[in-house]
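Scrolling down, you'll hit the structures one after another.
The two complexes that follow have chain A in common; it is paired with chain B in the first and with chain C in the second.
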Partner chain A sequence: MRLKRNKSKKSLIDQANLSIENIKSQLNHTSDLKDREIHSNNQIYIILYINSLVDQEKLESKIIKPLIKMENNNILNELYSQEISTAKSNKIAINGLLDGYCLLIKKGRNSEGFLLKTNASTDREVSEPIVEKTILGAKVGFVESLDKNIFLLRTVTKSPDFTVKKYTLGSSTTTNVSLIYLDHLTDPEIIKKVEQRIKSITLDSIRSAGDIQDCIEDHTVTPFPQLLLTERSDRASANLKDGRVALIIDGSPTVIILPATFMTFFQTPDDYITRWWLGSFFRFIRLFSYIIALILPALYIAFVSFHYEAIPLELVYSLQSSLSYVPFQPFIELMIMQLSLELLREASIRLPPSIAATFGIVGGLVVGTAMVEAGIVSYGGLIVVALTSVSSFVQPNLEMSSSIRILGFPLMLLAATFGFFGIVIGVLCVLIHLSRLTSFGVPYFSPFVPLNIKDFKDTIIRVPSWMMYKYSKNSPHYKQEKRSRKWKLDESEEPY
Partner chain B sequence: MRKTELFLILSILPLLAGCWDERLLKNSRTVYISGFDLDENGDYQTTSIIRDMNISESSRGEISISNDLVTGKGGSIKEASMTIDQSVPGYYDPAKGRTLILGIDVAKGDIYNVLDSLYRDPRVDLNAKIAVTDNSANEIITHISENEVEKGEYLYELIHSSEMYSKMQEITLRSIRTYLFDEGKDFMLPYLSKDEEDNEVKINGAALFHDHSFTGQFLSPDESTLLLLFMEAQSKKALLTEQLDKKADGSVSYNVKSVSRKLKLEKEEKVHADIMLQLDVEIVDYPPNHLDKQEMINFLENRLSEILTEKADALFKKLAANQSDILGLGRELIAFHPSIWKEIKGENYYEHILVNPKVKVNVRSSGIIL
Partner chain C sequence: MRVKSRISSVNLFFLLVHTMIGVGLLSLPHQTHDAAGSDGWISILISGFFIQLIVLLIWLLCRNFPNLTLFDFSKVILGETFGNVLNFIYIIYMLTVICYVFIIYADTLKRWILPETPVWIIFLIGFFLLIYGCICNIKDIVSLFSFLFIFILFLFFITFLVYGYSYIDVRYLFPIGSSGGWNILKSTSDSMISFIGLETLLIYFAFIKQSKTISALKGVFLAVLFVTIFLTYIVILSTVMLSPEEIKITPEPVLYILSAIEIRILSRLDLIFLSFWGLIVFTTIISYSFSASMGISKLIRIKHKFAVILSGTFVLIVSIIFYYMEITLLEKWLKHLSLIFGIIIPILLLLITIIFKREAASTYEKN
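Our next item is the complex of A and B:
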């Protein structure tokens, strides 16, 4: 029954002739769909719009008022709307109405209508995103409006090569998506691939950036994100300038950057604002903390249940002294600790900031110490879990740090069954997996596998910006001029 | 189908590695020091200290340390360990022991009998130090367990520091094995004794070994430093003091900065080993001073060369008497003069070697004053 109805609806939409009655029935005679007849110059015009989507002010002053005062019949010259397009079918007209346009139809000539831009915008103020904080750098985050986001990007990426392509996705409810790239820097292969993948999305509706990510990423069975999600406009802009592509989804402040390699997730805008020594140091710390967060719990388990001969004697005694009260296996002990930490983390997300501080003290300090004193976990285990979670907070990207959480548990299990041998197996599997991943055809573990030492200049370390004159292999068309520090040569030649 | 097979093989393979025998740290009784003795019946007696740290529940994490002295007897070292295992809660684990003490009876026999079981255990700390005592190991360890409770790895540090000052040859459980099975080389171990007056365990000198067993003789720390210089095996610091005259203030202390040795081996009636040792020294203590004058330096150089050559003569006579080839002349012969080695090789090859040492001292520095 339902199917049948849908089918009949569809056929009506596809009907070539523009008919107000049809449009109204398509939109189920929704009560916020308004129409207004205007008599002007012996003509009757009908304006059709969805009340809740249009800006009343705009509609009155820019469409209705000039229409009434109109002296000749040339509509295109008289209306103040910045965007006018002709709608020749019901489908186009309905999509326009849903985007906040109003439909202007001359009565008597049903075949043609004009779509006039009158949409209301509910932009919030631009503010710094909560998740990706930086010390220095722009305090500009994306908002929920597509146009404003493009505006934010364009203002920091002024270039004639800045290219925007719009897509409408979703078959039952539609969402506008924009693809943005710098034409002279971006590999055309990647653009082709992205376009192809976006066009193949046939989801009923797009809820968030995650839906698109699910549909277009190369590999879904992996803990590693292959698309970078960001709310920072400077980060998105920097990535555009590196030859990457941005996908902005209407209604979402999260922008998708692609293709992202493993090392992309360790770069932050801060690295490029501070001097390069400091930037390189921070990068290194981040990479180091990633490794620590990944294997430290596993190492601890392996040490205390298999290989305690490998730790210094004094440490053996002090670990042993608090371990001897713990009734569980080291693996269970760490699992209890890790799980309770996950609980704390999950709980604190939804707490208002005023309670969160108290919660942190009660949850972290009190529970932690009490657990040790009650003999549920040992001091060693507590230190390991605390260090691990601190290291995972160092990660600038939320998704990348969650990959640690997902990979950490199997590694702990392997360490508990095979000791060091298990850790080696586990880490090897992760490395092999990383080497096999691709993101839009770009090797995911890129400067390491395949090895490309020249690309290390902006991965493990960050060299000064005047040294980055060559772009990576994937965008070979463009080179930065090499002369940023030529003044030094000039100055030394100057006679005193 | 192939994928399932591959998956099965890959999941079974880790199990074959045999690395999954769990040994929980909390159940183990970690040994801190071990000693081995031989009793009248020919049984081995192992004495170990098991250290425990206890966090007291009442006074919030205060740590107290207690030593647990355990002994066990058996026909082999392993059997003795098993006897101990039966008397302690948890697993008795000698792997972490960083100091091994050989009682005099054990040292005089074949010491490899004691070490064999250690080499067969993959977990043993190969950097453990080995020492010989003038009495039974049991006595020394009992003394340590009663008196050195708070001092951490007392014996290990004791031996380590004397190695740092070139008083002892650097020997660990790992390196001793090469000496044991090298036909042309012997070694010396720290010789411990209990000082009754000070109630302390001290290093008395270096016990000389021949082949696998202790000769009964030992070198004084000064002699052993000189020997280490002849071996070019000194550490960064090699401090020596010589009395130039009979007068009380006629002493000079010096630190050997670098050594160069020339060794000549010739076969005549006996094998003559002429060793020419050049020492570059730094004067660290010489109250009479006037080291800015060349005559003074010359006097010191000549006098020191004389004294050291004399001492070296005595030293090598002592080594010859004990057949202890610590210098590794046998190895030298095997490597560079195989024809000579063929004639003299055998257990007591050292009697065929006559060492003729000569020392030349060069004063290179006198500290930050002249």
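Our next item is the complex of A and C:
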């Protein structure tokens, strides 16, 4: 029955003639759909709008007032609304109404109506992003409104090549999505791929950026994220300038940046604000901490349970003294610690900040020391787990750091079974996997795989900005001028 | 053959270096010492030079058939039936090489780091890695190898640590040429086996861009040069570090040297060396089984994926049988087989091509 009704509804939507009755019935006579008749200049106008979506103030001052005072019949010259479009079918009219427009119809001429922009916006103020903090970067984070996000991006990316393409996704409820790129920098191949993939999305409704990510990423069976989610406008803008594409979803403060390679997740806006030595050092620390967080627990297990002879004798004594009271194998010991740490981590997310501090002390300090003193874990294990979690917090991207958590357990298992050899096997598997991943056709583990030393200048290190005169392989169309430090030549003096 | 992904000369360098450097590395000084005494390094240099010539011959053969691998052009040269027979023999040979590598690998691991682990488990790990590593196209393999090249350099670096701790006596090398010119030349046939991996060139040349020009050969020449230098370095290092009597009784001199030294934070360098060596050996295995599976998929017309699984299963079963029956024939065979398959057959094919003027019947793509 329901299906039948939907079907008949659909045929009504497609009907070309614009009629108020049809629109009303298609919107199920919802009670916030209001209409108002206005008699002006011997004409009867009907205004149709959804009460909850429309800014009352705008409607009154910009539409109704001029309509009533109108002296000639040329509506388009009299109305103050900034955006006026004609609606020729019920479908367009309904979509407009749902976007917060109001529909103006001249009575007697039902075939044509005007959609006038009167939408209310509940934009919150632009505030500093909570998750991605920087020290010196801009204090501007994205908000929930699509237009405002585009505004935020445009203000820091002024260029005639700034291109916005709009899509409407979802078959039962619709969501607006905008594709943004700089036309002269972005590889047309990538844009083509993105458009194709977005168009193929046939989800009923888009709940968040995650839905789109699920549909368009290259590989789903992998712990590595292939799209960068960010809530910072300066980060998004910097990536646009590197020839990447941004996807903004209406209602979501998270912007998708693509294609993202492995090293994209280790860059932060801070790197480019501080001097390049420091920026490069931060990069290095992040990469190093990633590796540490990945293999340190596995190394500990391998050395403690297989290769005692490989570590120096003094260390063996001190490790042994606390390990001898622990009844479990090192693998079980680390698993207990890791799991309790995961519990602490999950629990602390939803706690109010005032309790979280107390919780940290109780959970971290008290439980940790008590566990060691009770002989459940050893000091060595505690240090290893603590170092691991600290290293994983160093990662600037949440999803990248969670790939550590997913890969860490299998590596620990391999280390517990085969020792150091097992770690090497695990790392080899990860490397084989990484070397095959792509993100929109771009090799994921570039510039390491395939090896491209020229691209190292903005990945593993950050060279000074005047040295990045050639863009990476993915944006071959544009070259930066090489002369930013030409003054140095002019100023330099011969010593004699 | 329709070539979907092409590789450059630089890529060929990585492919060849990784195929050539493999299991031979550990026991090479011991073997050359058996044959040529303290002059083993000279025989390595000589055979390295020979290999350069052979590479040139293989290239001369392959440039007649652009875009065709050995498995394709053997049919053009020898006709359908004999070509298929040759392909079959080559596939069996390649699989035998993988079995040999598997057995040496598992044996070394068991003796040095995993004494308690049953060997079949190591074989099983190798089997899975072989399958995981080979189901892809050649570009993926190349890009993986180019990254893993860092680990070869790493092996190089580890041996530097030796100098600070061990006793080095350069006099062990002297007098140069003491074992006699004839003995050195004779031992080159033994040291040829350390350059095993050359045969894969017969397949990889099909993928290269502009295989007709001499620039295609540049990467190969450099690869052979690199391998020659690396092996010579390893042999000289072991000769200098260990007295002739010690080398005679140590099957893996490099590991023996490394296990003796101790740096502040790590007491067992051989463990690190062996683990990274394990990575390098796997590249050899992946490269060989990729080639072999390609042959299988062409021979019996199945998908690459199934061919990989087939060759992996074959290698697993054969190497388990050979290992537990303690058959040591493989090493003796391979010394001769590598000469036959790497050198003699390509030369014969080249002669037939020149004499009977065989040309590629079909080349789909122009360079």
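Note that the second predicted complex is superposed on the first by the 492 of 496 C-alpha atoms of A that agree within 3 Å, B and C clash if a C-alpha of one lies under 4 Å from a C-alpha of the other, contacts with A are read in each partner's own complex, and residues count from 1 in each chain.
Simple rule for what comes next: a residue touches a chain if its C-beta (ideal position, glycine included) is under 8 Å from a C-beta of that chain, and two chains touch if they have at least 3 such contacts.
Fair warning: this is a prediction, and the values are worked out from it, not measured in the lab.
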Quick one: on chain A, after the overlay, do chain B and chain C clash, or do they fit? Just give me the call. clash
Please work out whether A:L428 is in contact with chain B alone, chain C alone, both, or neither, and reply first, second, both or neither. second
Who does A:E309 touch here: chain B (first), chain C (second), both, or neither? both
Quick one: classify A:Q329 as touching chain B (first), chain C (second), both or neither. first
Looking at the overlay, does A:S121 come into contact with chain B only (first), chain C only (second), both, or neither? neither
For A:Q320 in the superposed arrangement: first (chain B), second (chain C), both or neither? first
Looking at A:V449 after the superposition, I want to know if it touches chain B, chain C, both of them or none. Which is it: first, second, both, neither? second
Taking the superposition as given, does A:F418 touch the first partner, chain B, the second, chain C, both, or neither? both
Could you list which residues of chain A make contact with chain B in one structure and with chain C in the other? 306, 309, 313, 418-421, 425
Chain C residues within the chain A interface of the complex: 109, 113-114, 117, 125, 129, 132-133, 136, 139-140, 142-144, 146-149, 264-268, 271-272, 274-276, 278-279, 282
Chain C-touching residues of chain A, taken from the complex the two chains share: 306-307, 309-313, 418-421, 423-425, 428-429, 431-432, 435-436, 443, 445, 448-451
Contact set on chain A toward chain B in their complex: 303-306, 308-309, 313-314, 316-326, 329-330, 373, 417-422, 425
Residues on chain B engaged by chain A in the complex (per definition of touch): 14, 17, 19-20, 22-26, 28, 30, 32, 51-55, 57, 63, 65, 95-96, 98, 123-125, 152-153
